[in-house]
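The following pair of complexes shares a single chain, subunit A, combined with subunit B in the former and subunit C in the latter.
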Partner chain A sequence: MSRQLWLASQDTKLQDGFFVHTDFLQFILSGLTTGSIYALIALGFCVVSNTMGIVNFIQVDFVTLGGMFMFTSLFTLGLPALPALVLAVAAVALVAMVLERIGLRPARSANHLVLIFLTVGLSIILRGLIKLVWGTNRMALPPLSSDVPVQILGASVLPQALWIFGLTMLAIAVLTWFFHRTSLGLCMRAVAVNPTAAAVVGIASGRIRLTSYAIAGALGGLAGVLVTPITTLNYDVGVLLGLKGFAAAILGGFGSFPGAILGGLGLGLVESVSAGYLSSAYKDVVAFVLLLLVLCVRPKGLLGR
Partner chain B sequence: MRTLLTCLAAFLLLTTPALAAETIKLGGFFDLSGRASFIGTPSKLVAEMLVEKINAQGGINGKKIELIIADTEGDPAKATTIATKFIHKDKVVAIIGPTLTDTGMSVKKIVDSGKTPIAMTVGGDPVIMGGKFGSYEWVFKSPQRSQTAVERLFTYLQEKGLTKIALLSADDGFGKDGLRWMEELAPNFGIELLIKESFGSRDTDMTPQLTKAKNAQPQAIVVWTTGPAGAITAKNAAQLGISLPLFQCHGLPDPKYIELAGAASEGNRMPATKLLIADELPDADPQKAIILDFIKLYTEKGYDKQFPINTHSGYAWDAIMLVVEGIRQAGTEPAALRQAMENIKNYVGISGIYNLSPEDHNGLGIDSMVMVQVKDGRFTLAD
Partner chain C sequence: MTSIQRLLYFLTLHRTGLAVCMVSLGALLFPVLDDNPYTLGLSHLVAINTLVVLGLNLFIGYAGQISLGHATFFGLGAYGSAIISTTWAVSPWLSLILVALCVALLALVIGIPVLRLSGHYLAMATLGLNFVVYTILIQWDEVTGGPSGFAGIPALSCADFVFDTPVRQHYLLWAFALGAMLLMLNLVRSGVGRGLAAVAGDEIAASSLGVNTQAAKVKIFVLSAVLASLAGSLFAHSFGYISPDTFGIFASTDFVIMVVVGGMGSIWGAAFGAAFLTLLPEWMDIFDTYKDLVHGGILVLVLMFLPQGLVTGLMDMLKIRWALRRHNASA
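On to the complex of A and B.
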């Protein structure tokens, strides 16, 4: 082989290598973006699970509601992006607190099954209301900043994806601070560790439940605000995302905060990498088979207690 | 008390048949909620609008139409329950709907055993295909066959010399139907499908599939899905900097698509009904009058504010009109009505000129579709 040909072949090899590398990065970034959203939703599930011991199915509608409030703040109230985001998240937190106060607490039940079915019912009612207020048509929500993609080492990422990473990290940091540094947060952890002992030392359970719903609502709402510019918005957009978030929470170990983050990112990555390298038709199959395998080996989830 | 009850019962017995004889009952079931509610809800509005119009003009053969509306929720199980209720409890003359191919397939058997004609507004072809898909004797559909749309698209691609194609299709009934036809028809048009990828119709990120499609180095990308997934794919393609021509299927020509995909929709091309480019039609076009009439009526009702006119808007109208034409010719006796429907010729509708036959329960040809292109944020005829 002549030297020139050899060089040329090396060149294509290098180029191929470069393509393979950027593709991989593209899959990873795409997986991390969806994974962050799953993680936010999973965290919302965990907060309520830790204080009340139940699966809160209203979580999926908090996601939808976040997007809807964002839409209203932007287009009806005409607010700029960041104040609109804060308002939307706060509004969802408020709705969540109202639901806990008038929907769940009057049941005066400690029976988990009763409470879980109440959340299922409330979720259906809330979805019906969302449908009445905002209609059934798809809506487009603008991204928080421009939608010109950013190049990172050859892979292109939407600025919205960077917002998703950034604000998810911020939310996790604030949560960590709240649960370790504030008295309310410490009380909530106390309830999570031992509800009876917490009651004995006089921690009021009502306030804890209300706070946990507010946090769950805020997390779900934030996920909704961040993801709907990518997914488009309609009255049941949260259902499928919520299902994935729920799976992520189980994968990480239901109730564990680091587990929820790990589960969410893991699920997003597996989906995207298997769509890229195995088969796009079976990416959900791959993700859920992996979930089953993990649960077979570690029934409590990756980081479950 | 007893006399009162007896009187009431007697009254009911006397009046019910009399009332029933005066109206022609049609059952309409659409996806008013669920994943295709954005198609089903306007279908319902159009159906009600048309029935109102027909009744205002004196009904069919002197009888008013009574339209019973139900919600399939996009759920095949729900759809079968409603179809059974329509046939056996409400005793409807014919059924209009449902919205999705999957729900359409689930009611096929019910209408067949219940011997009630159904005019579907679904996209997929299996509902009017025999053999392994079951008998289609009682099933009609008003939207173009996927086959027709694929042929229209492939004719265009062939004209433009775009023969190496990367295909992304949804993994639902509609997407699989498109995929099947494209695989079957591609050789006839000298088109090569370099790579076939799929995605869920509710997926939110198609960049992995698009990355693979791009690496196959095609001349164009074809996406086959309805709903937001198409818009997300267009946005993802723009994000990845893919400058290849992007083609969507006949399920997406909708101002909503442009709204959802934003700047990424610019230049996208797709097969559509003439409804979308009504103002560009030549005056000689036989469909122009009825299309403009429809648009006027629709806008007067104010429906276009929430549901701007799209390629689906006319399908419910045409479905009802096929039934109405049948009843005008043969009355409401099921077997006669069915036979009259399958022999409808030259009915000028909104979505095309229908020429049905016992073999073809759709009756629309490739000339009922045009290729449209997004230009400056609106649909125009593609050049």
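On to the complex of A and C.
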């Protein structure tokens, strides 16, 4: 390229600078929005993995279930948005606890292969039930508040995105408080560090497993409630989101809570920027290519121990 | 030794070989007894699924790892062979081999880094791969035919003998399935197979006894991927039409259910599981509505009550019953 051409191209770049900047900001913001969702799901994976040492495939359906319960409590029960959200999240947590109690605990097997396949089986059953109850049609959920975009630094942001940021922050704050200030949370951390030693000092493993499923269910449900107004609601909407949440958990270092948050946000950013500048048709592929790359280069993840 | 004892001894000694002969005889005579194309179509599916499940079963049962993406290799085998033989007009046998080599390479590329880690990362890596491949099969429609599928795939042939009728395909597919079964039965009794069984039992103990655990796992992963690819190619060439829905992530979980139902690590169980789940919809009218519930329910119940699988679990129960009876009789 000749020098003049180069200068000319720089010139147009400078003129476009403002737009380039807002575009970029737009991508960053939308990346952080989806990233928060991935972070919530990734945290759910980590909680169960830390206490039981298994990959919990039901997490995927907790996300769908969150959206479905939100739909029911908004339209069938006619609740306002915030109580409906609380009800939906609580309901998913309850379902998760029931599943752990009647679906996983009776197995009493220490073989991880058996337990992981059990979660796969329970996930298939749950998806079948969701199909039976809510049908296979696509449904739309209204956002939590108005859908008029807000302008931030020249980029337009949906109020739903602000809800997502806010409630993700809140969830992280509550989790931090729970794991550092309550005795149940401290017990769960003890089990994560050393299950045998925790059992020796008398921490009941059943209660810990039940709590970890409740937390995983609540996090997955919250992610589902928050994200389905942006996507649509379908019986398998959680599958892809859940898989990406898992990719985020590995990206950050599987089992590490700060890692899950960082991995989620990072994955969201990479995905949105690559969709913006490369191609949006293969946007979903990016997450898994990134996952494979991370597993090759740094299998412990960004913050793994 | 009386003659009855000698006969029993002969039967016990050669039980595997005799069982293989019996199954082969059954497969050989099946078209003579029933040449209804629909029934033969089902038996084709059983043979193809057996081929996939044999490999996956070896990987899950002997390497102790989870692959939730074997439909990927199955699909790559089918689409690869279809595209090479139809679009590029290469001979079907050659395309089958070419695709199997490519799939082996892909499995190697994924298996080496991921199987180096302890923990179940491969489950998600393969699930992700399945998702990626499924997306590509749908999106890249100028090559793959997109969601409407790929039709007009030529049948396999030997010189002038074309495998185009259901009866001929029956023999072709079952020859492959039984060949793979024979290979597996011999493999698990070889030094390599014993090493693998040790890996599944206790990885640290196996490696301290000199088994290269990582290499063993990768080899089995590649072998199972190649078997799945082979099954996919055979599927494409015998049915002549393929569509992406056969190769989604739910197909992968179906393969896993077949392995678990038959019993992880049991080769006869793999064949049983493949046949059981392939034929299940035929016996149940309400199957379409409740497919997920039935499949999930079977998986959960088997894992909860017979984690060794139906075949191994029931055999073990019978053996214990017999041993107790003998003990009581002698006491």
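Here, the second predicted complex is superposed on the first by the 278 of 305 C-alpha atoms of A that agree within 3 Å, B and C clash if a C-alpha of one lies under 4 Å from a C-alpha of the other, contacts with A are read in each partner's own complex, and residues count from 1 in each chain.
The rule is simple: a contact is a pair of C-beta atoms (placed from the backbone, for glycine too) under 8 Å apart; a residue touches a chain by one contact, two chains touch by 3 or more.
Note that the structure is predicted; figures quoted are calculated from it, not measured.
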Taking subunit A as the common reference for superposition, should the pair subunit B and subunit C be classed as clashing or as fitting?
clash
Classify the contacts of A:Gly135 with the two partner chains as first (subunit B alone), second (subunit C alone), both, or neither.
first
Which partner does A:Leu186 reach: the first (subunit B), the second (subunit C), both, or neither?
neither
Figure out whether A:Ile28 sits in contact with subunit B (first) or subunit C (second), or with both, or with neither.
neither
Which superposed partner A:Leu162 touches (first subunit B, second subunit C, both, neither)
neither
Could you tell me if A:Ser280 is touching subunit B, subunit C, both of them or neither one (first, second, both, neither)?
first
Touching partner for A:Leu240 - first (subunit B), second (subunit C), both, neither
both
Going by the touch definition up top, name the partner, subunit B or subunit C, that contacts more of subunit A.
C
Regarding the shared-chain residue A:Ile152, is it in contact with subunit B (first), subunit C (second), both, or neither?
neither
Of the stretches 240-248, 276-284 or 312-320 listed for subunit C, the one clashing with subunit B is residues 240-248
Go through subunit A and flag every residue that touches subunit B in one model and subunit C in the other.
131, 240, 281, 284
Parts of subunit B lying in touch with subunit A, wherever the complex brings them together:
32-35, 37-38, 41, 171, 197-200, 202, 204-205, 207-209, 211-212, 215, 227-228, 231-232, 235, 238-241, 256, 259-260, 262-263, 306-307
Within the complex, subunit C is touched by subunit A residues 54-55, 103, 106-107, 109, 111-114, 116-118, 120-129, 131-132, 239-240, 243, 246-247, 250, 254, 281-282, 284-285, 287-289, 291-292, 295-296, 299
Quick one: in the complex, what on subunit C touches subunit A?
60, 64, 66, 68, 110, 113-114, 116-117, 119-121, 123-125, 127-129, 131-132, 135-136, 139, 249, 253, 256-257, 260, 264, 289-293, 295-300, 303-304, 307
Note: in the complex, subunit A contacts subunit B through residues 19, 23, 26-27, 30, 33-34, 131, 135-138, 140, 147, 149, 156-158, 227, 230-232, 234, 236, 240-241, 272-273, 275-276, 280-281, 283-284
